[in-house]
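In structure tokens below, several structures.
Consider the two complexes below, in which chain A is the common component and chain B and chain C are the respective partners.
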Partner chain A sequence: MSVATRARVVGALGRRSLRQAFRRPMFFAPVFVFPSLFLAVNTGGAGAAVDLPGFPAVHGFLDFQLAGAIVQSAMLSAVSAGTSLALDIETGFMDRLMAAPISRLSVVLGRLSANVVLGFMVGVWFLGLGLIFGAHIEGGVAAVALVILLSGLTAGAFGWIGAALALRAGRVSVVQGMFPLVFVILFLSSAYFPQALLEQPAKAVANVNPMSYIADGLREPVIANITGAVTLECLAGIAIVALVGMLWSASAMRRRLRAA
Partner chain B sequence: MAAISIEGLERRFSDEVLAVAGIDLEVSEGEIYAFLGPNGAGKTTTVRMLVTLLRPTGGRATVAGYDIVSEAARVRATIGVALQEAALDPLMTGRELIQLQATLHGLPAAAARERGDALLERVELDDAADRRVGTYSGGMRRRLDMASALVHEPRVLFLDEPTTGLDPVSRMTIWEEVQKLNREGTTVFLTTQYLEEADQLADRVGIIDRGRITAEGTPGALKAEVGRSHLELGIADGGAAKANDVLARFGELMPAKDGRLCVGLERGAGDLAPIVRALDDAGVAVESLEIMRPTLDDVFVAKTGRHLEGEEGEQAE
Partner chain C sequence: MECFGDAQKAEGGIVEAHASTRPMGVAAPMPARAQLATIWALMRRAVNEVVRVPGAAIPGVLAPTIFMIGLTAVFGNLTDLRGFTTDTFISFIMPVSLLQGAGFTGAATGVNLARDIELGWFDRLLVSPPPRYVLLAGTVLSASMRSLMPMAMILVVGFALGAHFPGVFGLALAIVIAASFAAVVACYASGIALKFRSQSAGILMQSATFIAVLFTPAYAPQALLTGWLYWVAKYNPMTQVLEAVRQGFVGDVTWHNTWPGLLCLAGLAVLMAMFALRQMQRTGS
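Now for the complex of A and B:
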């Protein structure tokens, strides 16, 4: 199969995954609706946090929270991707794909390509919401483009984790059971609150949590400007998540094929 | 060259579970081969190995000349597969699904659209093509599943219980399509637990039970192995003794069933007219009369000592 044909296969599987995401509320709601509600509640209820000593200089709490919402949404998109992959395994649709003359990697890449596109949409959605409700994007148009790009890459990286979970467990219930973990990981990072203001041991965990670097990379262009070092740290965080997910996915796929 | 060649194929799931216990068979090009057996006999496990979804733990097999383990990708490119319970995405439309399947088999976009449309028309789903699969009936889903297995014009088509759970009309539609495909040159390997399906469709039948093939041959030859046709008669009160005397002249008397007399037929249906005339001449009043032919279930009973699930008794001609 030529590279062009492989790309078309990945594209076709990606389109199918996107349709699936938008045709079933159980996939769509966690990515757009829940994080939007969470953002509204957080911003409305904890806006005074910006006055705390040590809180970074921001135009408003909404500006600060946008990155948290994007990261949360990207992580939940991975739970959705994993859920739909597990559903494919449970219903036998995966067998249909496995019985076709395509590489096993294409099946996962198709799902991930959809997650990257969803990530771009997430970036557009939250920046749009932010602008509507008075956020300032200090870095301007370039910042908007960078945040959208990083949002897509973050969703893609977490997609690997979702895929690995689905391939390992093969059951929707197990993948969905990971849902609460998303919040634990996020609260132990700088996604919702500046790392400097966290108490120990959360502060120590946040310091080594890649989510902190990803959130900071998404936040910096909004509240200040594009900074090379912060962006690189963000990309490194994304790469770590993607690498862990890839290795885990590969191992889970091998295990699944061996068991078959 | 055989379309499917299997030598000692075995699949063990654990020390205790031997799902397929070393089977041997060959399916010729252009043949319809039916694997008949009850639930849990090893039919689906065999198919999953042949379509490369499951690795054998012993033996070897080739499909269209390609080894199912070392040349799995070539096997997948050559075969069409419609697995049990039509695993379709309920959120996709019929058209989307069949075009996706065409893309998976490497067809360019325009060809995928054209081929998809032609197949949807062929299985009479063109009107429902843009509806989501979740709204389809069981028969429609099966037809779509079969159509999607044909997008790349496979040389060998595997159908795993293609009509299980379908109503009689849908079942007939699937049978007609299978026969049509076979006339066009496609080799068909199907599994079924329905006697009638194997009898109607298959050129040859393999009866599988507990992971082993217990009998194999054409439906006619298998049935001939277990016995001849016999006649069952309901005789009016008081006429049984006289009827027995008459029937004994035409063949071996068999034990009566539910008060009905039975006689083996030496010449099959050809014996019927002389028997009726002789009974009439003897003044015996016949209330009912049926020629009973051996069925594949009789073959199954003869080979395994058990009936196929839900398919008991003989079929009246």
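Now for the complex of A and C:
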């Protein structure tokens, strides 16, 4: 199969996944509605935290929280994508794709490409929301572009994990059951609060959690400026998540095909 | 009507039992005892779902507990701010988690009702002899009963992690108010389910619960809230309900802090019950 044909397959499946994401509230609500509500509650409820000793200098707590909302949304987009893939498996659509003369990688890449696009949208949505409600983006236009890019890559990386879960379990209920786990990972990172001010043992775990590096990389351009080292750490965090997801997906796909 | 004395038979035998004792064309009123048995049967059915598919209930039980532990780990240092009313954040956030767990159980009741409507099971209930308010009561009260599961988990974990014990009366008050809140949310969610007749409407049930519980002094005392949330929380009736649940965890239980919460909860209950009953009466008409 030529590269152009593969690209067409990926594009077609990606468009299908995006349409699916916006047609059903069960898919788009976790990505846009709940993280927006959570952002609103965190900002208004814990906004006085900027007065705590040790809190980094920020224009406002909303500026600090934007990165948390973006990573939350990116992770939940992976759960939604996994749910959608599991639905395809349950309804037999996946079996028909497997029987079609297209590469298996294209099937997974199609869904992941939709997740990356969704990640870009998430970046645009939360930066827009932040600007409307008074956030300052210290890094300027370049920071906006970088945050949107990193947001897309984060959603794509976590998309591999969602795909792996769906391929391994093959059931919607199991993938949806992972929803609380997303928050465990987020709470054990610096996504919502400075690492230095977290309570133990969250503080110790956050230090080794790749999510902390991803969140810091998304936050730095907003509250300060683009920093090479922080951005590279963020990309390394995204790469680790993507690598784990890819290996797990490949193993789950092999297992599924053997069982078929 | 004797068969309604046995609650276990009511779920499967409502139509047959009543129809066989009723003359053609005459709508005999259902005795109160049979109505209570029907409500109990519907409540038992909801609990049976948990027993038969425990995996489906786990996220609903785990999520509020994870939020409580996670928010304590993240925002625990907020107690260092001047004006914070307790020295342990988990004591402050535990009542929020109780209401959150109860609220989401109520919302899940609405989603389950929407599923029953989609599958046609609810239509069979509608043509059975019990009045519609009895069907609604059974559905709604099952939420109160099921809400005890997340609450038990939250309380065990919270106390193990050092939350203040509010005293027996304070704890009982918190549980009763939270369980009643589950029924209030179930009324709202059932009304939405009856109006839209689709599980897709679950988003309306869950987001309204989220807003009701968290657009309050959930993370910090009223005086420390910032921006628009200060004003929303000030006029949100759920703030009074939350303060009534929270009082024992952060201080003493007093009538002064209890009656506004009970009044607001009663007001919400009347409004939501009217909404649900209206949707119930419109169904199929």
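Definition applied: the second predicted complex is superposed on the first by the 260 of 260 C-alpha atoms of A that agree within 3 Å, B and C clash if a C-alpha of one lies under 4 Å from a C-alpha of the other, contacts with A are read in each partner's own complex, and residues count from 1 in each chain.
Assume contacts are C-beta pairs under 8 Å (C-beta built on N, C-alpha and C of every residue); 3 or more make two chains touch, one makes a residue touch a chain.
Fair warning: this is a prediction, and the values are worked out from it, not measured in the lab.
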item: Simultaneous placement of chain C and chain B on chain A, clash or fit; value: fit
item: Superposition-derived angle with apex at the Cα centre of chain A and sides reaching chain B and chain C, degrees in steps of 10; value: 80
item: Partner chain in contact with A:S173 - chain B first, chain C second, else both or neither; value: second
item: Touching partner for A:F193 - first (chain B), second (chain C), both, neither; value: second
item: Chain B versus chain C as contact partner of A:R8, first or second or both or neither; value: first
item: Which of chain B and chain C A:R24 touches, first, second, both or neither; value: both
item: First, second, both or neither for A:L129, with chain B first and chain C second; value: neither
item: Touching partner for A:G92 - first (chain B), second (chain C), both, neither; value: first
item: Between chain B and chain C, more extensive residue contact with chain A; value: C
item: First, second, both or neither for A:A242, with chain B first and chain C second; value: neither
item: CA minimum distance (chain B, chain C), superposed complexes, angstrom; value: 13
item: Doubly contacted chain A residues - partners chain C and chain B; value: 24
item: Chain C - residues contacting chain A, complex; value: 55-56, 58-59, 62-63, 66-67, 69-78, 80-81, 199-203, 206-207, 210-211, 214-215, 217-220, 224-230, 232-233
item: Touching residues on chain A, where the partner in the complex is chain B; value: 1, 5, 8-9, 12-13, 16, 19-20, 23-24, 88, 91-93, 95-102, 258, 260
item: Chain A residues touching chain C - in the complex, by the definition given at the top; value: 24-26, 29, 33-34, 37, 40-49, 51-53, 61, 173-174, 176-177, 179-180, 183-184, 186-188, 192-193, 197-199, 201-202
item: Residue ranges of chain B in contact with chain A within the complex; value: 51-55, 73-74, 76-77, 79, 81, 83, 85, 87-89, 91-92, 96, 99-101, 103-106, 108-109, 132, 148
